[in-house]
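Both of the next two complexes hold subunit A, though its partner changes from subunit B to subunit C.
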Partner chain A sequence: MKKYLQVLKITLQQEFAYRLNFIMWRVRNVMQVVLMFFLWSSVFSDPTKQFFGYDRTKILTYVFGILVIKAIVFSSRTIELSGIISDGTLGIYLLKPINFFKYWFTADMASKILNLSFSLVETAILFILLKPEIYFQSNPIYLLLFLLSLIIAVLLFFVTIFLINMFSFWAPEVGWALPFLFIVIVGDFLSGSVFPLDIFPRTFQNIFYSLPFPYLVFFPLQIYLGKISIPTTINGIVISLGWLIIFGVLVKYVWGKGLKKFSAEGI
Partner chain B sequence: MKKKIKKYFKVWWLLTKNSFMSALSNRLGSFFFLLGKLIRFFIYMLFIVFLLKGTNSLAGYNLNQTMFFYLTFNLVDIISQFLFREVYRFRPQIIEGSFDLVLSKPINALFKSLLGGADLLDLFTIPPLIIALIFVSRGLNPSIFSVVLYILLIFNSLIIAASFHIFVLGLGIVTLEIDHTVMIYRDLANLGRFPIDIYKEPLKGVITFIIPIGTMMTLPAKTFMNLVSFNVVIMSFVVGGLFLFLSIKFWNFALTKYSSASS
Partner chain C sequence: MDRAIVVDHLIKNFEVNIKNPGLKGSILSLIKPQKKIIRALKNISFSVQPGELVGFIGPNGAGKTTTLKVLSGLLYPTSGFIQVLNYDPWERREEFLKKISLVMGQKRQLWWDLPAIDSLELYKEIYELPQHEYAKNLEELVDLLEVRKILNIQVRRLSLGQRMRLELIAALLHKPEILFLDEPTLGLDVVAQQKIRDFIYEYNRKYNSTILLTSHNMDDVINLARRVIVIDQGKLIFDGVLDNLVNQFAKEKIIQVSLSNENNIKEIEKIGKIRKISYPLVTISVPRQTVAFAAAELLQNFPVDDLTIEEVPVEEIIRKLFKGSIKIKK
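Moving on, here comes the complex of A and B:
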């Protein structure tokens, strides 16, 4: 436990080493939220109107929720894994008396702590500047389920990003490509982190819900907003847990296969 | 002068060919890169369609008009990426000190850093985009004059985009701390993905004239739809010229700060 605490501390220090860079990264996140805030404000200029099952308060809460939930779920150091495999430095990690999975999960946690702290400050600043109407969920059952869905989302993202980064074992020169596609398609769209997925027709939504990705951002936010019933929420949690188990098993399997392929080239 | 232009075009063509061959040497990577861009483009398009089907209008614009704004944004964005791809590769040259090699060559360092490595992969996406623009524009009934102004304003947008990229290059020299300034520009440009009428003052004013994203992305489409006065069009050319002038001034200032570290 002590050594993972050290990993946490070191990762936090690493993130702070490039302060301006990190701040700029956060600025980028804020700008995306600003764009969506004004877009939806324009759509809901008449506060009495409802579109896609949202009123003005709920849609603006969704936009601000994206900023916080993305910081919790998507902040990750595991995305560096592909580079580590490609340039051979994985060998150095394997020699260390540390569990490789726990190491990266701890590094992810450090990144999440830092990003979450910043996102909360950003949310407060934007709240003062833009004065949005925000929906506060007061039902403890929904809040508890929201928390549970968030924990599953963090774990699901970890195993998913771990899995796709291992593509580098077989194609080191394009190891960045799958994570790139994942971030473009899943990170931006299928997770609901640019716009809520329920603006799409039912058929599309059914397809989305059968995939693991909406459970990263869209589903937790739906629970927080109380837009889905308790049975539907439990059903969603079961599906996301199913995906977590499937991906968890796959990570172990592919990791074993990948290690056999790994030749520490490049060191 | 004619000889100089010919020489620079020759150099540009050579650098573009090299850049394309380098992309081809990594076919799978290039394929994924292009695929990612296309998927992003189509998903945003779907978003606009379903959004406008549900709400009927966005800031007073119908589906056809919003789509035209979106396609115009993409046209400017993609041509900029095609022309100014080298900017994305600039920072490592400064960190490693290999920018010395650019400075010592008998061509303009700004030309090499800005235009020396056009991305032909982006070029392939431009013709279908223009066809889509023509298709959508049929429902907007523009006059010949509006079409001519639109084309001129697209050129003006590219001048503004070039200026932004020059600012990014200059910043890359002045400060070594930021490694994705160009991505911050991209995020700023993304504010023009939808008509800037969705923003409120003072942000709307700022992104129209101070950081002229609106002039770059929204104004050409609004002119095409006959929604702006001729004075505003003239003003936007002035903004474009001024922005280019300031960016070159900044580049010249930044060059004086280059320390040739690590070389």
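Moving on, here comes the complex of A and C:
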């Protein structure tokens, strides 16, 4: 266990070494939230009006929720994996007496801790500046389910990113582009980080809900806001767990294949 | 005592995609990838005793690095039997990984943006070293490699030579029983090379650890290893003591004479092949069998002040081996 604590420490130190990158990333997230805040606050200027099942308080809570949940779910070091595979540094890791998956999950944790602390401070500052109405969930069952869905989201993102990065085993030259495209397209759009997904027509929503992506951001927020019933929540948790298992098994399988490939070509 | 490394009939083939030049070639290779088998190691056998320092020599692409990668467990052998410290390296068990270390000249294991000491602290935990053992090992290595002053400097700010010395510390912190060194002096200047060489020699002597070293820098191997393994085009062409390499492959000896005048200096070429004339010194090479006769001839017919008989330098033999101008008898 101490091994991984040290991995956590060194990854945090390394994040500090890249201060500028980190700050730019935070600025981007804050800008996005500020933009959405003004957009939605003008749409919902009348506090009594409701659209798509949101009132002013809930939609603004959604916007701020994105900032915090993205910091928890999307902060990741595993996105570097493709580079490590394609330049052959993977060999160095393989010869260390350490579990590769645990290593990267721990590194992700470091990134999450750092991003979460920043996002909380940012939220506090924005809260003071913009004075939005915020919805507080007080039902312990919803809070518990919210926590559960968040844990699933973190794991689901880890296996998804791990899986995508392993493309580098077969196509070292495009390896970096895939994780990047994933974060931009899926991370921002299909997960509900730009618009709440329930503003889309019913059929689209049904499709979205059968995919793994809404369970990263949208679904936990829906639970927090108490917008979906307990049976719907359980249903969603089952689907996301299903995806987690499928991707988890795939990661193991592809990893084995990838290592064979790695060793066959001796990259 | 058990042998540290056993390699028996090792074969390693690589499968690579080949692409014809140009855009057309790129598209074609997407639709119908053409595979080519590269035979990197063709039936290699050898074994190493604990505490031995073995040097691998061979030109680029001969299979030196591939051999080390198979032995450390990074590459899966196509066929053959491999045993390192009684483990199958490919399984990469934790107990095995704690007993070996691989240092690659062009791959780094230290965190680039952090001072080396941070990476070393991490390796302490990864290898589960007790504090006192870590402190003791670190102290010794820091002294041997003279790096105390640079431990707290960001690795990216160090010179290549300084970095290499720190890489060695990272690799040796857990006192591996076997150390694989792949081109440890790559890109270093002469002074830095010498420092690394001295250290490797010292380390092997002090801790009796088994060291396998590859280098295309012949000085490394000649200065360090008593035993050398010569690999060329995936085949093992020599395995033994350096001196035997000379006896086995050098068909000539070198005679150097110092002349008191240059009257009939041209005549010397009748006795042997002239390698160099810089009066008063003349160097010729003659067949091994006739060296005594040639020397007598020289003393009789030329104004010789001094005469020495030497072996052909190892570098030259190896160079000729790789160029194929010496035939290998099997």
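In this section, the second predicted complex is superposed on the first by the 261 of 267 C-alpha atoms of A that agree within 3 Å, B and C clash if a C-alpha of one lies under 4 Å from a C-alpha of the other, contacts with A are read in each partner's own complex, and residues count from 1 in each chain.
Here is the rule we go by: a residue touches a chain if its C-beta (ideal position, glycine included) is under 8 Å from a C-beta of that chain, and two chains touch if they have at least 3 such contacts.
Everything quoted here is computed from the prediction, not taken from an experiment.
After overlaying the two complexes on the shared chain, residue contacts for A:Lys3 are found with subunit C alone; subunit B is out of touch. Of the two partner chains placed by the overlay, subunit B and subunit C both lie in contact with A:Tyr18. Taking subunit B and subunit C in turn and counting the residues of subunit A each one touches, the greater count comes from B.
Once chain A of one complex is fitted onto chain A of the other, the partner contacts of A:Ala171 are limited to subunit B, with no touch recorded for subunit C.
Using the contact criterion defined above for the overlaid structures, shared-chain residue A:Tyr253 touches neither subunit B nor subunit C, since it reaches no partner.
Of the two partner chains, subunit C is the only one that A:Thr89 touches; subunit B does not reach it.
Applying the stated contact rule after C-alpha superposition, one finds that A:Ile98 touches subunit C and leaves subunit B untouched. Of the two partner chains placed around the shared chain by superposition, subunit C is the only one that A:Ser263 touches, whereas subunit B remains out of contact. The contact surfaces that subunit B and subunit C form on subunit A in the two complexes overlap at residues 18. Those residues of subunit A that touch subunit C in the shared complex are 2-3, 5-7, 9-10, 13-14, 17-18, 88-89, 91-92, 94-98, 260, 263-266. By the touch rule above, subunit C contacts subunit A in their complex via residues 14-16, 40, 66, 69, 72-76, 92, 94, 97-98, 100-102, 104, 107-109, 111, 113-114, 118-119, 121-128, 154.
Taken together, the subunit B residues at the contact with subunit A in this complex read 26, 28-29, 32-33, 35-37, 39-40, 43, 46-47, 50-51, 54-55, 58-59, 175, 177-181, 183-184, 187-188, 190-191, 193-194, 197-200, 203.
Of all residues in subunit A, only 18, 20-21, 24-25, 27-28, 31-32, 34-35, 38-39, 41-43, 51-52, 171, 173-174, 176-178, 180-181, 184-185, 188-189, 194-195, 199-201 touch subunit B in the complex they form.
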